[in-house]
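In the two complexes below, subunit A is the common chain; its partner is subunit B in one and subunit C in the other.
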Partner chain A sequence: MDETRKQELIKTLSSRLNQAMRMYLDNCTRCGTCIEACHAYASEPDIKYSPVGRAQNIRRLYEKYFKGAGKLAPWLSEAIEFDDAVMKKVYDTAYTCTGCRRCVTYCPFGIDTQQIQSLAKQLLIVADMEPKVLSMLADMSIAKGKNIDKTKGSFATAVSNLETEVLERWRSEAGAKAVPLDVQDANVLYIALAGKHSIIPAASIMNAAKEKWSLSYFEAVNFGAFVGNPQKTKEIADRIIQEATRLNVKEVVICECGTAYRVMKYMTGEHPFKVISFIELIARYLQEGRIKLDKAKLQGRKVTYHDPCQLARNGGVYEEPRYILSHLTDDFVEMTPTREDNWCCGGGGGLVAMGEKDFRMKSAKVKVDQFTATGAQVLSTACENCHTQLSDLSEHYKTGVKVEYLSDLVSKALVQE
Partner chain B sequence: MVDKIFYFIMVPMVYLAFAWCAVGIMWKVVSILRLPKQTHTLKIFPEKSAAGLRATIEAFTMPSVRRHQPVLWFFLGVFHLGILGLILSHLDLLPQINLVSAESKHMLGNGAIGVAVTVSVLYFLLRRFRTPIREISVPADYLILFLLFLIFITGDTISWANSWNPDGFVLTKQDFGAYLNSLVHFTFTNPRDLLTGSHYVVIVIHVLLANLLLLALPFSKIMHTFFAVPLNRLRRV
Partner chain C sequence: MSDIAVAKILDLKGLPCPMPVVKMSQEIGSVQVGEVIEVHTTDPGSLSDFPAWASTAGQEVLTSEQNNGVIKIFVKRLV
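Entry: the complex of A and B
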């Protein structure tokens, strides 16, 4: 590694040393309480997959460049310099961390591994070692934002092609657009994913609730956050913020994507609109009696629910999915452990987008054991990453469990009076 | 020559170590306070009521450790309470403070506190040699625990060997109090004139090790003492 690159890395490390990061890097006593919090370690007990094991790479670099003891007696803290071998280790630990933050609940200090690994990911970008697929996807999202006027027409055409499928689920009033776009002063700006699976169920539910809503031109997923690039994360989120501001919407509703929800709700500052998840919106419709569901659709099948980490532990949406499920089935069973203690599915942090199927399957064995122990035939969830990962797991381990989006279950159970 | 070295350890070095430690702690705290704050929340959900108070309670009671590592939690509790007890028992040596009777020959706890922290720190140290803790430990982790162990074991020796002498107590709480009082009042009295027992050398070693701990403290993991509450607040508030 040449000196210029090394200096760039030191500068990047320095730029991330705010109060929280300094305290995280300085105060770990390496008590090891966090070790068994990680699903990857629980499935494959290798210390590099433990939260503290992952953080040690960054901590040793920090000791070397920012601590007197690390400069004078590096052997004391095993302080290390930037080089290619070290960065390879950083890669192995940063992109095997899903950022689920389960370990934060174990640590007696609450040291945030996701924060430390986001710093690790930023270092990998500077070292030109980040997964290129994630950078490419982030760049595509940003380019779409810059050229939106050129793509609006083709997007509108693609969306109009979905209308028949939406109407099959819910017959809207004559003349009403099944998937409206560019609705000024809408109550809801719905941010979907790239794919009809996150548009059709949502559209049918909002139409059933007679909502004044508009579909966003932009996809919710934030690859900037996955790749660990704060600038790109902001640029991708800004596209949606600008659209919501332009349309003067009351609420931005994020589809079933945990990271998109957390980024928009908690990591982009104050907005002139409210940010909620689509799950919260469905629960509200049920509470207000704006939609009704038919329990017969899930009759005879036991249902469980996987709390997506970014939606639940890192977003606070726990009760709403359970409230929705209470309207869908009388045969619901919780996983053990559940809620904030729930095991991560093992697909977050960009792992699903990166592929990495072999690692994802091995590192989430504990998740398979957890959901198969419920005896449920249907595993519902509310995050695309989780859905893909859980489906892959179910198929790989031949569990026979069907993984379903909560919105899809709701959409199919809508009662048309 | 040895007397001069012993005097340096027992008097000037104590002042230097305390001053170094105090300045080091302040420098560390200020250097962190001067950094920019985190721009977005790092909260874990569900949100708890009275989050600030809860964070403080969690910092002191470590409920996550109790849940996941109950044996470690037990020894952590004994150790931290023991440290508090040791601070109080050393302050109690001063004639102006009397948590136990001024006439008592023993320090607060009759030596039991010292044994409790010694056993705890021995557990922490031995635990570091076992997988998986061994894999995450660095030399500084062993050294700081070993230093604490030596401080405690010499403290135990002073406390217990002192009272087991066939002639009864050689040095009493009052003798140690006189030494501490001379330090507090900057009299620069030679401690040998106040501590006449035959195991004076053990006391010198105990003080030397404690001085070394104070010198190392601002650069060690013991600084978590000052950051445990703010760290827990990041997770809760």
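Entry: the complex of A and C
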């Protein structure tokens, strides 16, 4: 590693040292309370994948460049220097952290390991060592924002081709568009993912509720956040903010994508519109009596629910999915542990996009044990990333459990009066 | 029907986010420069995602067509 790169890394590390980060780096007592809180360690004990183990290299770099002992007498501290070998270790511990923040709820000092890993990811970007697939996806999203006018027409044709499948779930009034686009002054701008499975159920539910809504031209997921690049995260979110502002919508509703929800809700500042998750919108429709569900659709199958980390522990959405499930089934069973203590699925932080199947399957064994212990045949969830990882786990460990999106279950149970 | 000569057909129907673009970026190297991959997908978003990816990866989306719910995108390898 050349000197210029080293200096860039020191500068980046320095730029992230606000009061909170210094507190996280200074105050770890190595008490070990967090160690078993990480699903990766709990599944396959290896100290480098424990929260305190993951933070160790960043702490030692901080000691080297910013603490008295590391600067004056490095032989007395554990300080290490920026070099290629150290950065390889940082990669291994940073991009295997899903950012679930389960460990944070265990640390008596409130140390946020996910924030330390986000700093680690920023350093890896400066070192040109981040996973290129995540940067590629983030760049694609940014380019899409710049060129959207060129593809609006073909996108509109594709969504109008979904009409039959939307109408199979809910017959709208004649003349109403099944998937509306560009609706000025809509109550809801719904931000989907690229796939039709994230559009059709939502469209049928909003049509059933007689909502004035509009589908966004952009996808919800923010790969800038996955890769850990604040500038790209902002550029990707700005596309949606500009569209919502142009259409003067009241609410931006994020589809079942945990990271997209957390980024839009907590990391993009104040807006003239509200940001909610689609799960919150469904719960509201049920509460207001705007949609009704038929429990017969799930009759005879026990159902459990996986709280996506970015929606629940990091987004506070716990009650709404359970309220929805109470309208879908009388045979619901909670996992143990549950809610803020729920195990991460093991696929977050970009791991699904990066592939990493072997690591994902091994590091989430504890998740498989947790959901199979419920005896449920249906594992519902509300995040595309969790859905992919849980489906992979179910197949890999041959559990026979079917993973379902909550919105899909709701849209198939809509009662047409 | 397009009369573009294709070197490979890639079936990406029904894949979860973001696998269609990830698979495309992995597969583009499997054809020669100048050859075309025909992608089949059911994702409306891929109609904007693929041209955006191509513009950042130095590749080219020649055209797309939609029939019976299947979207076909023709991607030419330029580099």
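Remarks
One rule holds for everything that comes next: the second predicted complex is superposed on the first by the 414 of 417 C-alpha atoms of A that agree within 3 Å, B and C clash if a C-alpha of one lies under 4 Å from a C-alpha of the other, contacts with A are read in each partner's own complex, and residues count from 1 in each chain.
The rule is simple: a contact is a pair of C-beta atoms (placed from the backbone, for glycine too) under 8 Å apart; a residue touches a chain by one contact, two chains touch by 3 or more.
Note that the structure is predicted; figures quoted are calculated from it, not measured.
After superposition onto subunit A, the partners subunit B and subunit C occupy separate space and fit alongside each other.
When the two structures are aligned on the shared chain, A:K297 is found in touch with neither subunit B nor subunit C.
In the overlay built on the shared chain, the residue A:K402 is in contact with neither subunit B nor subunit C. Of the two partner chains placed by the overlay, neither subunit B nor subunit C lies in contact with A:H327.
When the two structures are aligned on the shared chain, A:M23 is found in touch with subunit B, with no touch to subunit C. By the touch criterion defined above, A:K250 reaches neither subunit B nor subunit C. Annotation for subunit A, partner touching more residues between subunit B and subunit C: B. When the two structures are aligned on the shared chain, A:K412 is found in touch with neither subunit B nor subunit C.
Taking every C-alpha of subunit B against every C-alpha of subunit C after the fit on chain A, the minimum distance is 27 Å.
In the complex of the two chains, the subunit C residues touching subunit A come out as 14-22, 25, 42-49, 51-53, 55-57, 64, 66, 69, 71. Looking at the complex, you find that subunit B touches subunit A at residues 31-33, 35-47, 58-59, 62, 64-65, 68-69, 72, 132-133, 135-141, 143, 219, 221, 223-224, 227-228, 230-232, 234-236. Of all residues in subunit A, only 133, 136-137, 139-141, 143-144, 147-148, 150-151, 154-155, 157-159, 161-162, 165, 192-199, 217, 219, 221, 223, 257, 352-353, 384-385, 387-388 touch subunit C in the complex they form.
The residues of subunit A lying in touch with subunit B in their complex are 17-20, 22-24, 26-33, 35-37, 45, 47, 50, 52-53, 56, 67-69, 75-78, 101, 104-112, 115, 266-269, 312-316, 318, 339-340.
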